[in-house]
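Chain naming follows the written order as A, B, C, D, E and F, and within any one chain the residues start at number 1.
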Amino acid sequence: MRPSGRSADEMRTITIETGFTKHAEGSVLVSFGDTKVLCTASVEERVPPFMRGKGEGWVTGEYSMLPRATHTRGSREAAKGKQSGRTQEIQRLIGRSLRSVTDLKKLGERQITLDCDVIQADGGTRTASISGAWVALRLAVNGLMASGAIKEDPLPRKIAAISCGIYNGTPVLDLDYSEDSSADADANFVLIEGGHIAEVQATAEGATYDEEQLLRLLRLARTGCDEIFKAQAAAVSA
Amino acid sequence: MRPSGRSADEMRTITIETGFTKHAEGSVLVSFGDTKVLCTASVEERVPPFMRGKGEGWVTGEYSMLPRATHTRGSREAAKGKQSGRTQEIQRLIGRSLRSVTDLKKLGERQITLDCDVIQADGGTRTASISGAWVALRLAVNGLMASGAIKEDPLPRKIAAISCGIYNGTPVLDLDYSEDSSADADANFVLIEGGHIAEVQATAEGATYDEEQLLRLLRLARTGCDEIFKAQAAAVSA
Amino acid sequence: MRPSGRSADEMRTITIETGFTKHAEGSVLVSFGDTKVLCTASVEERVPPFMRGKGEGWVTGEYSMLPRATHTRGSREAAKGKQSGRTQEIQRLIGRSLRSVTDLKKLGERQITLDCDVIQADGGTRTASISGAWVALRLAVNGLMASGAIKEDPLPRKIAAISCGIYNGTPVLDLDYSEDSSADADANFVLIEGGHIAEVQATAEGATYDEEQLLRLLRLARTGCDEIFKAQAAAVSA
Amino acid sequence: MRPSGRSADEMRTITIETGFTKHAEGSVLVSFGDTKVLCTASVEERVPPFMRGKGEGWVTGEYSMLPRATHTRGSREAAKGKQSGRTQEIQRLIGRSLRSVTDLKKLGERQITLDCDVIQADGGTRTASISGAWVALRLAVNGLMASGAIKEDPLPRKIAAISCGIYNGTPVLDLDYSEDSSADADANFVLIEGGHIAEVQATAEGATYDEEQLLRLLRLARTGCDEIFKAQAAAVSA
Amino acid sequence: MRPSGRSADEMRTITIETGFTKHAEGSVLVSFGDTKVLCTASVEERVPPFMRGKGEGWVTGEYSMLPRATHTRGSREAAKGKQSGRTQEIQRLIGRSLRSVTDLKKLGERQITLDCDVIQADGGTRTASISGAWVALRLAVNGLMASGAIKEDPLPRKIAAISCGIYNGTPVLDLDYSEDSSADADANFVLIEGGHIAEVQATAEGATYDEEQLLRLLRLARTGCDEIFKAQAAAVSA
Amino acid sequence: MRPSGRSADEMRTITIETGFTKHAEGSVLVSFGDTKVLCTASVEERVPPFMRGKGEGWVTGEYSMLPRATHTRGSREAAKGKQSGRTQEIQRLIGRSLRSVTDLKKLGERQITLDCDVIQADGGTRTASISGAWVALRLAVNGLMASGAIKEDPLPRKIAAISCGIYNGTPVLDLDYSEDSSADADANFVLIEGGHIAEVQATAEGATYDEEQLLRLLRLARTGCDEIFKAQAAAVSA
């Protein structure tokens, strides 16, 4: 029995509110239950130094938790003067995931930065960030296409992410914080609409896991991502 | 004529939404028109080193802008590895203002941190932060009193802040971004319910100002703060 | 009764020694009683990145306390690896104040940096810095005009600053350290010769203050700045 | 055809030289072909703050590349003043992997730090680090058991890691640099002797991959790790 | 011929003004010609962590140049967020030199910090710092002995430092900036009253030097330090 | 009697293994007894900003100890976020020493960086670094000459360094760690083949020393460096 009463393959309620803030080229408040992340896409007409002169664009991600997004207040990374290893790991994952579905040539020599700021945390903040960031990116790209800055769509496919884990010996979908903090294994899947995999990060916590369990987690993730793809589609067409 | 069509002594619409996030002891989303700040109050049962052993508490503030709260994306202070002078100046102002209405002895040996994170900026973020932070602090103190941790109310008076300025030669109340960026003078007032002043910061930008103009700005600020005190009262009693 | 025996509207002895060091384009040791600040003006024939190509110059300030300028040794900011919020706040105030009396167009595309290093502190170091920095800036501008680098005087007016406060219930002028550390309110005024105000920063410490007290502090500040303007004039013509 | 002429499931030559340096409690130079990593285990009789008073030990990892371990010189992280996101990600993986096979209670209240310094890089430095660090840890634990400091073996199982990837459409084992830099997918597996999985990190680069390919990579990894387990056993018993 | 017209073994005028600032336990403005350094000694009744519980004291040095002590303005180390290698090298030399003449046991469990802040630079700032810091230290120790905090004198001998160099092929004493910047070799000697050597740092710049030249530089240094010892004695007894 | 049983003028065994790593333009593992340093030379076809446009090259050094090169683990400078004063001092010495024998004009507008990473420490790591770095630099220069990038040899002379000290009252050559940690004086000499001196750094530790002792240390250093020059010659011609 899961603490939330959900069944093993049951997602939390997903909401995706577009236009949450007004300045960004794409702005989305995404919720997976009590996990709420503000994802904004910012377009800049320049690329980082290592990409200059290639005629290609760049997509990157940044991630942060507000200090009191969590049960107890965490210290502010800006005040400490550096980003934690965890933050950097998540930022790299967000950028890598979104680049895996973006045609950088078609994007043209510009950069889109996806800022994912966790307003409230209840497990799964990195996967919610990726799923929400795709919508923000989609909106920003739509704007670039509408204005004629981009001719061909550089973002033909959706991408989504979800965490699964082995909780009390059972593979379950979409871990919330109470499950995550006591799971035997924790796996994040980044999946592309149509069935392909962009990234798997599956880590044993305490107990280790075997190949069969890995496959069961992957299948749960497919179920979950199909639901996210639908929510993304609805949000974009809204 | 103001860009927004407001009259010289007209505030923007104020909304104060309590309980915006669930973990903090006090949580408020405050809006002054398009300026939106999330203010949370976090109670910790310890005080900073310089306050230890005095039998008194501490109230402090932290401030940040989300990177895309503004028209163009600002770089993330955590990524740059340091907080700007502006951020530190605002943080110090928030903490000082709230301490000026808190009886630290009655608070007892605990710290309350007010985190003010700007979700969307349209001028007046520091004054909105102070006005919203008071509500978050009030809610946190109410919780401490309800639980019996505090016996006597350490927060008997309200505090609010508002910016005024000289725009096109006319003193106006509650500057929005388009006014702020071209004002001749910019003044932030932190006022206490009942008429006293906690802080005045009045700065000439381009043109300088004289004593009479300073007084006219102060009187506008009184009008504005009276409106804020009402909104604070309504939010707390809601 | 003030600890120093001064009357409420009595300044400490002001001395302004020009040419204190030999390399800077302007160099001044300014004293307000036991507060001693070395102010140097350094001219560089380039402007910071955000000012390039505008055909205008820039004036900026930096501030530091020597570690043992104070009663107990403070740790060196260079060793700690960052400047405190207080230091940054003061630096910003110094630069903003001097820019308010400088015509940046007439200055031409060059930067003048005012370094204010506190040799000995006894209250009022930020206001002494501004008052001394104006003299250093004036000397540097005189040099640029003498060499023909500047045609029209970009610095037609003097600026000075002084702190006032409410000490034991009485508004007093030019707080020394013993007054400053126990004052009920502390106000720094930056005034322009002729009567206009560049900046007011008035902060309640413990007790709050009202409009009438603010005005009395402002009038004391006028008295003090008139005396500083005379000392500046004497120093420059010496 | 692989650039090295190896078959798809062929590892590079593994060598594990123990006692490479004399001060560390465990010291190993591990080579996978031209990738060479010095792994040392340092025992300290104290634990980090978050583990104090629990009666348990801690195992952690640090990782660095010498500046000229690579084709072109990389700047030194100590000179830049911060560790890259990549470095931190690898350090966290090394520590997590070794903790997954260590019984921290049996280790007792002491810390073992595994320093993995890459002397020469040719792909697979993080997996070589984990595989070598286990040997260094084993040697350090043997020393603690020989001295009587530890009664029961806290490290009953071996752990090893290997990278696999899809190169020119074919899943291959133990990528070298020339393969890694142009692979379609890159997967790092951390496996435990006996068949369980500690960690999978599988990332699409350019092309994405599907479930069947993930499984083929996992099976290649099993083949590779079996070979590493043998080399580890030989090194420890030497 | 030296630029200053001095003979090869001629020092610049030395002045040592005690009591330059009022808060420090020892305060000295030392000048060697146009090189002016403010040296203060600060006594703290605690020692750094690595000295705790040994019943001994500690003496340490810090060094900084004011930004415009030099011909062209140098950026402020506090603003850059780190001390240069040169600064750290000089700080270490100051501390080591003064410790070489201090009996740390007799000093007792307290720390004396010598802050050497260069007000104006014209060559030889590190050696002027050491020579001046000794006087500041002596004054601070005198105060501790007068108050009864120290029973036996922990500072029985004087220490002084001077730079020599090979300028246009000739060994000369007490290099000023114009000599220093074009010298073939630059040597700093730290000598103890009575003839012993605390430190020699002799560096070839461009040309290298031989044993005979090293000895001639050492003999010049003895001449110079004898003069400094006299100035120190006069300053202390004044 | 020395702890190692060596006579006063007896060096430890020197080995210089070239080609220790494969990517660097010059790569050397140098050993003085149990002190082992990896020295690599990296050629880059650009110079640092302060050397641009002069038609000259630059030679610089970097230095680091692996965390467990020493008896007890030292914390990693990259993790602490800054290099120690000791590290910076040694880096500056390495660069300065190698530049003293390099004709920067003949090197052409390129930079060679000598990275000296201490694998194992037993005293004398900075002098071993200089002695080994010369060989790495020689090999890199040989490569540039062989490829025709350099016409005339910019490195006509060898340079070597050795530490000497006064141990139990006796001047001895090539201190190992047990001697170094209890020596009365510690002197590092950087000597040029043919007899000239590039640098002397002689520091009293506890006891001070006199001129005669300095000369005896210098003569020991000559003996040692002659032996190093032979080992360098053999390594280069191997």
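Simple rule for what comes next: a residue touches a chain if its C-beta (ideal position, glycine included) is under 8 Å from a C-beta of that chain, and two chains touch if they have at least 3 such contacts.
Being a predicted model, the structure only gives us computed values, none of them experimental.
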Contacting subunit A as well as subunit F are chains D
Overlap of the subunit B and subunit F neighbour lists contains none
Of all chains, the one whose CA centroid lies most distant from that of subunit A is E
The chain whose C-alpha centroid lies farthest from that of subunit F is chain B
Rounded to the nearest Å, the gap between Cα centres of subunit B and subunit E is 51
Separation of the C-alpha centres, subunit B versus subunit C, in whole Å, is 28
So subunit D residues touching two or more other chains come to 81-82
So, starting at subunit B and moving first to subunit C, the ring lists as B, C, E, F, D, A
Per the touch rule, the subunit A residues reaching subunit D in their complex are 82, 85-86, 88-89, 91-92, 96, 100, 187, 192, 195-204, 208-211, 214-215, 218
Counting only contacts in the complex, subunit E reaches subunit C at residues 21-24, 27, 34, 36, 38, 40, 42, 44, 62, 64, 66-73, 76-79, 81-83, 87, 113, 115, 117, 119-121
